[in-house]
Amino acid sequence: MYLHVQRLINEIIPDEPDPAAANALQEGLGGQFGEMRTMMQYLFQSINFRGPAGKPYKDLLQGIGTEEISHVELIGTTISRLLDGSPRYQGKKTDPLDQPGAGGKTPLEIATHQSNIHHYLVAAQGALPVDAAGNPWSGSYVYNSGNLVLDLLYNLMLESTGRLQKCRIYEMTDNKTARSTISYLIVRDQAHENAYAKALETLGVDWKKTLPIPKTNAEQFPEVKKLLDLGLQSKQYSFDLTSQSEAGKIFRGMSPSNDGTELDATEQAPAGVPMTIAEERFEEFAPGADPELLALIQATADIEMAEVQPVYGPIPPAS
Amino acid sequence: MYLHVQRLINEIIPDEPDPAAANALQEGLGGQFGEMRTMMQYLFQSINFRGPAGKPYKDLLQGIGTEEISHVELIGTTISRLLDGSPRYQGKKTDPLDQPGAGGKTPLEIATHQSNIHHYLVAAQGALPVDAAGNPWSGSYVYNSGNLVLDLLYNLMLESTGRLQKCRIYEMTDNKTARSTISYLIVRDQAHENAYAKALETLGVDWKKTLPIPKTNAEQFPEVKKLLDLGLQSKQYSFDLTSQSEAGKIFRGMSPSNDGTELDATEQAPAGVPMTIAEERFEEFAPGADPELLALIQATADIEMAEVQPVYGPIPPAS
Amino acid sequence: MYLHVQRLINEIIPDEPDPAAANALQEGLGGQFGEMRTMMQYLFQSINFRGPAGKPYKDLLQGIGTEEISHVELIGTTISRLLDGSPRYQGKKTDPLDQPGAGGKTPLEIATHQSNIHHYLVAAQGALPVDAAGNPWSGSYVYNSGNLVLDLLYNLMLESTGRLQKCRIYEMTDNKTARSTISYLIVRDQAHENAYAKALETLGVDWKKTLPIPKTNAEQFPEVKKLLDLGLQSKQYSFDLTSQSEAGKIFRGMSPSNDGTELDATEQAPAGVPMTIAEERFEEFAPGADPELLALIQATADIEMAEVQPVYGPIPPAS
Amino acid sequence: MYLHVQRLINEIIPDEPDPAAANALQEGLGGQFGEMRTMMQYLFQSINFRGPAGKPYKDLLQGIGTEEISHVELIGTTISRLLDGSPRYQGKKTDPLDQPGAGGKTPLEIATHQSNIHHYLVAAQGALPVDAAGNPWSGSYVYNSGNLVLDLLYNLMLESTGRLQKCRIYEMTDNKTARSTISYLIVRDQAHENAYAKALETLGVDWKKTLPIPKTNAEQFPEVKKLLDLGLQSKQYSFDLTSQSEAGKIFRGMSPSNDGTELDATEQAPAGVPMTIAEERFEEFAPGADPELLALIQATADIEMAEVQPVYGPIPPAS
Amino acid sequence: MYLHVQRLINEIIPDEPDPAAANALQEGLGGQFGEMRTMMQYLFQSINFRGPAGKPYKDLLQGIGTEEISHVELIGTTISRLLDGSPRYQGKKTDPLDQPGAGGKTPLEIATHQSNIHHYLVAAQGALPVDAAGNPWSGSYVYNSGNLVLDLLYNLMLESTGRLQKCRIYEMTDNKTARSTISYLIVRDQAHENAYAKALETLGVDWKKTLPIPKTNAEQFPEVKKLLDLGLQSKQYSFDLTSQSEAGKIFRGMSPSNDGTELDATEQAPAGVPMTIAEERFEEFAPGADPELLALIQATADIEMAEVQPVYGPIPPAS
Amino acid sequence: MYLHVQRLINEIIPDEPDPAAANALQEGLGGQFGEMRTMMQYLFQSINFRGPAGKPYKDLLQGIGTEEISHVELIGTTISRLLDGSPRYQGKKTDPLDQPGAGGKTPLEIATHQSNIHHYLVAAQGALPVDAAGNPWSGSYVYNSGNLVLDLLYNLMLESTGRLQKCRIYEMTDNKTARSTISYLIVRDQAHENAYAKALETLGVDWKKTLPIPKTNAEQFPEVKKLLDLGLQSKQYSFDLTSQSEAGKIFRGMSPSNDGTELDATEQAPAGVPMTIAEERFEEFAPGADPELLALIQATADIEMAEVQPVYGPIPPAS
């Protein structure tokens, strides 16, 4: 069972809209080696896991898989912000039913020149479950052989490829919004690479100096370096509300990345940052409310609500 | 951000393996109107949501979307249990490296007669991200127009179709394992149908006697009736750890399903039931451990672990 | 612009339900060489046609393309009839809201043993836009190079392959419902094969004794022979309401199939046979009406209707 | 059974070639919510329809489905015209076998800069069965649950989404060719939205002020406004040659779109406008005729043709 | 550049037709981890290879990739033989145009009960480029990141997964035809696993006792054991006609599979076995020759042929 | 069984990088009518061939199929060269671990403006198994009906369409690298068109003046003309190491292309040209070697290798 926190797992730095960067980031969301894939792969491997003695391995998969859902949320939100407002249309904010095409104007003309016209035509300046070349995400991407060594080996390759692609995306754009998320994911992919490499070490492989794969100079990327200095590549959160995760039995000891850090699995979750809600976009008819609908929406927003009984939740300050 | 609880959202009743039922359930997992789709659709609608005044609608989408991840876990696990052991192969449990095909035997012969040979050949008697006809899940299923009324209308149709298909699956098998999950999802789909119908009511639609769609006699299904008697079709959990969800501003008042119940959004999450780990299947080489690997796995299991610092978690009994 | 006649282009002989035959026929509907494909291919070739001097060729494509829409209707209806009632469920016809699964019964159990479970789970015992192996129809099937000789050559190959596959389907089932449609389409495919072969003859190819391709003994199939005796393989209707089609400039002279018949394009359309509407299937919740919905449907059926002003229509008997 | 009229359902206004607009329009042809999809969805729903009492509903589906085939023809032709001549290649019209690439020239160089290179490389400056992002149309788009309320609800959502996307496309281009068709389809989509909304009204839903969905200011688009002033959004033709359609029992009374008009189903079909045949494009080798082939084509065009016996056709002026 | 030898790379043992086994083997031909995929992946990796110093690695990829083409040929032929004659139709061999469906008979009735009806309906009792669940092979399977370590790691995982799946297929059937090829490929997959593991060893990884992955008891399969006894898992041929391959710089030393053998790359190619041509199948109209066509085919067969000038070829016995 | 020669089948002329041309060429590699498709289609037709008397036809398919593998190699290498270095990034060649993105630079910024971002993001400036619109190659392209006449007819159409598309690509770019391969393939496609046309002639078709299809003025393309003057369109190599091919019984006599040449099948293989290995691209982390990895790679390159025993190979000069 899963619960949600109304916080993003990492901060997204504001910058100008940038649809080209948004499209490049789609690979990290809906690509073969993107976050939807890692998420689904680890959730399936966890669901289908075999061998009671292997609980630490299952817990590792479950924990990383849970983190990947937050990554889907993070990169999806980032893409949405990069697209939002890119047509530079300035509707009258005071008029709830603006007239974007009145008189035959073409406020969405930009759409026909971009990498993926669907960002405007289908998704209302939002993220899509597709890769950077427009291919829809496919269930055929998920690998789950049932064989423990193979699944771990695949996962190591998967995280490394994800990191490789994100390093390439980093080199494609200097938009700060794009880079804040890309850099964070480069570092977290390395943490997961470490996790699977370590799991394979417990099963007998000695990686010696081969890791990290790829042998990038990622630490030369300034935004990445800041996060490496915080040791974020060597931390793995449990994301487990019931304190039953045994992933820490694997994610411990010296990092297989040969960077001299020690792996640390003693935190449940990062603090995260608050979420916001995007503005209306009249030219997309999104959400498409006219004055009457708007009044109804406002009426709902004004309702007082019954209290919710928490079962799980933040430990009170006093504890 | 998401956290995980090592509990299943509903109990799976034990019964005999049943690969035909397992395959029918795949539609509910990886089909166009299955749980992977509802999950992804609501997560994307939540990520791309527009209009700050509409927070209750976003929170409703986010809450149901979060629940759907747990449904993916539930139905995936159910499929896995229905497949597990279906070849009836009895390997020597004492020998960690069993000899399933020794002497030319064919312990997996069953696979060639089943609906989806991939359940044995690819997934090691586990769930797959495909539908009941074997089509991989596709990102092209996700609908997110950005227009609030349309998104809600689609979601209402989606949940109703999901429920319709699950009623048909109910009629295809009387395996108790399959039915415990199918019946639970029939009822939860109705809760979500109520949620979206109610949201559309706040925007002006009067459904009168049209709901529930389909006008099934689902209450005639004994397993479903038990859950309806508990009022599970009229409850919506927040699944929110930070108590910020405003979904309860929508999910309130009389049920649009015309069953005389009142909608209730005052619970954070159901209690759930403990999870277990499946046994090895030698004939699938899953997890494929020989004595040496097994010793290494056991060594990892025996390690003592550092304590994890909770940020979120169960409120201590004393509070 | 297109108009519809509430008549099927050929009669469907009644017989027992036969889901295996229904599934084989799906290849003829949604397969790579099925009717949806021929329909779409010829409509696109007609829409994109180049060269004003080539009007007879465009008209030939348009006429055959129009016929193919009726073939989609015919084979879709045939598949629907072969599936309809195959679960042998006998709901109480007097109760508009029957109780197919009451008490835990499994009236749709048959679905898990059939070639395509979607016939019951998704399509309510109806036809699907997929092939006999369950692959959805794809726009990538459509061939339209713009080069006249190539397009005609492809079409000749397409019709011949369609006919080849239908001959194989004929050999797979002796269900009369299935065979009445398959036999009709075998003969019509040959008519279209003749049409494209003849068009290529006007452009210089001499087929000599190569046609028909395949060199089948289709005339040995009794149901096919009856239609051949009527000369149906050598007729092409214009399906044109405005009497502007010049297809008859191509479809004339001796048949390239070497059967001694003369090609004839002097009829506008066949007479066809009346259409019927299928019965409710309670176990599919289709159409899913309860007594209240049923009363509303009946109320609509009872309304008196304004007269429609015909622009096109049957020539009055007196003319 | 279907017949064709050699007339387009609406006029296409001439303007300059515009491949960017052509590509945007592909969404309306081969997209998930485009005309190929509405056409196929309604034809399948009509073929698989259940419940003899529901004939007016079946006839409504059949009538709109038939209109959609004409929409496929209209938007396909529009795309073809927008592409035609866009490379601005001026071959010698007097030479039937022009030399577009002679001396190493690159008359198709434009193709590598456009949204979909296939428009030039595969389709010879013609329409393709794909969406604006290049995805081929898929049979998996078709929704036909068999449940009447669900099918109507989906259709309402489908038409509304189609209209939403076309409003967005309107905002992307001011090419007159593109807009004449887009504006017409915006209005016809609303007519179909009205039809399905009305059908759901007969089954008990009260839409109040929610319609039209989306609440667009489409009437602010000048080209659309002209058609709304003609009341085209409140008319539904029967497209039925046999005067058996009962769709008028549903499509009547006040428009659910709250625009004060009355729905009218008393016309069989619009008048339409004459069709033309596109010119040769030498640089595409389409149709690719050299002098010898051209002479053969002309010979066919010169043949005198036998008269066709009409069964259906325009009522003689005298009647 | 490639050349062909009219010999199969390994012998196929004759046995009864077995369509269920044929379908299981399709995974090894057209599946995600089958021979078409390994072939294409290594050919692309070889074509796109970077780094002149890495020639031994490129040559290793090229050599294994070339072998995989022969594996496609081998497993395709095996599937074809398993299907061939499975309908048990006994046409009159003396009549070149047999009458398989005459009198309404159904010689292909078997097709509707098999895993993939396309084997009879589309492929004329031959192999298809699809997997065992009927999914067509896809270019999206090919992995080629350009990063040497990642590509090798993926290839190791790919070969191991291929071997894992073939071990499972072995357990599904005891048909000798199927097993002769499956067993051969199990052993060759291990040879390739060794090759990639060894290549990674040269780059620093120490596999210790983790290999072979999976830790199967494949040597318990009698047909496999025979080939292991011949050391076939430790041999890699160059398949290079120009003696320029440097793959032997990697494929040498002790096997990483811990079986005590030494890797050997000193042979160019195995001897192979002669190929045969399958018989006609009248019921499939394949090749579909009637007496006239047959005479023409025979006339071609009787022609005397000009001598071909060899550039490459078997070294004359005397050398 | 297949063997490889470390030579390209034709020379690739050097020119500037040109990613737009590279993308256009993808159609010729991974498109529906590209080299991967012809290769796979002919290999499957050869594997599944029926009818012992038809060996010359099988050998013709096998020989052309073998040539197509070399064409995949040729066009893949050409695409790779057109992409290679297109970002114009000048890393320090002396530093094995260059710093392409150091200081936040964007050396891959070009990628977001190209037709297929995957060329940089996924393929490291290399070829992909996709078409020019980015669609992955699909097994559903392969046509193999088993009927000899149909298979040959399809192949004729396939080669002609491939040639048509390549003529269009020729008109899209004047890059010399692109054109050297495109021109070669235009001529070889015509050779194959001749082969299948001739095979159909042996079965009774008289093509008269219809061929070549398309009736292009390809001889007006200077690069093509040079190859036509060498008669390359009328030669077919056996690509057979065992001198058993009987393709020469078909590929003989006057060319059906009406160019006055005589078909010639007396050569085994063309001479080809040497292959080279591409340089490292630091900005792609390909191959991604740091100094330590580089040293290990070099160590492998320095190893002395055991001699390989040839079975097949160039005939010694003395013979």
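Letters A, B, C, D, E and F mark the chains as written, and numbering starts fresh at 1 in each.
To be clear about the criterion, a contact is a pair of C-beta atoms (placed from the backbone, for glycine too) under 8 Å apart; a residue touches a chain by one contact, two chains touch by 3 or more.
Owing to the predicted nature of the structure, the values given are computational and were not obtained by experimental measurement.
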Give me the step distance from subunit D to subunit E, shortest route via touching chains only.
2
Chains in contact with subunit A and with subunit F: which ones?
D, E
At the interface of subunit C with subunit E, does the proportion of residue numbers present on both copies reach over half, so same, or stay under half, so different?
different
Could you state the distance in Å from the CA-based centre of subunit A to that of subunit D?
40
Just curious, how far off is subunit F from subunit B if you go by their C-alpha centres, in Å?
48
Going by residue number, subunit A touches two or more other chains at 122, 134-136, 138, 140, 145, 147, 149-150, 164, 203-204, 209-210, 213-215, 284-285, 288-289, 292-293
Contacting chain pairs - touch in the sense defined above:
A-B, A-D, A-E, A-F, B-C, B-D, B-E, C-D, C-E, C-F, D-F, E-F
Subunit B to subunit E touching residues, read off their complex
97-109, 111-113, 116-118, 120-122, 134, 136, 283-285, 288-290, 292-293
Please give the residue numbers of subunit D that touch subunit C in the complex, ascending.
1-9, 30, 36, 40, 43-44, 47-58, 62-63, 66, 69-70, 72-73, 76-77, 80, 122-130, 136-140, 142, 144-150, 202-204, 238-246, 248-250, 252, 265-272, 276-281, 284-289, 292-294, 296-301, 303, 305-316, 319
Considering only the defined contacts, which subunit D positions touch subunit B in the complex?
32, 135, 138, 140, 145, 147, 149-150, 153-154, 156-157, 160-161, 164, 200, 203-210, 213-215
Subunit E - residues contacting subunit B, complex:
20-21, 23-24, 27, 115, 131-135, 164-165, 167-174, 179, 209-210, 213-217, 220-223
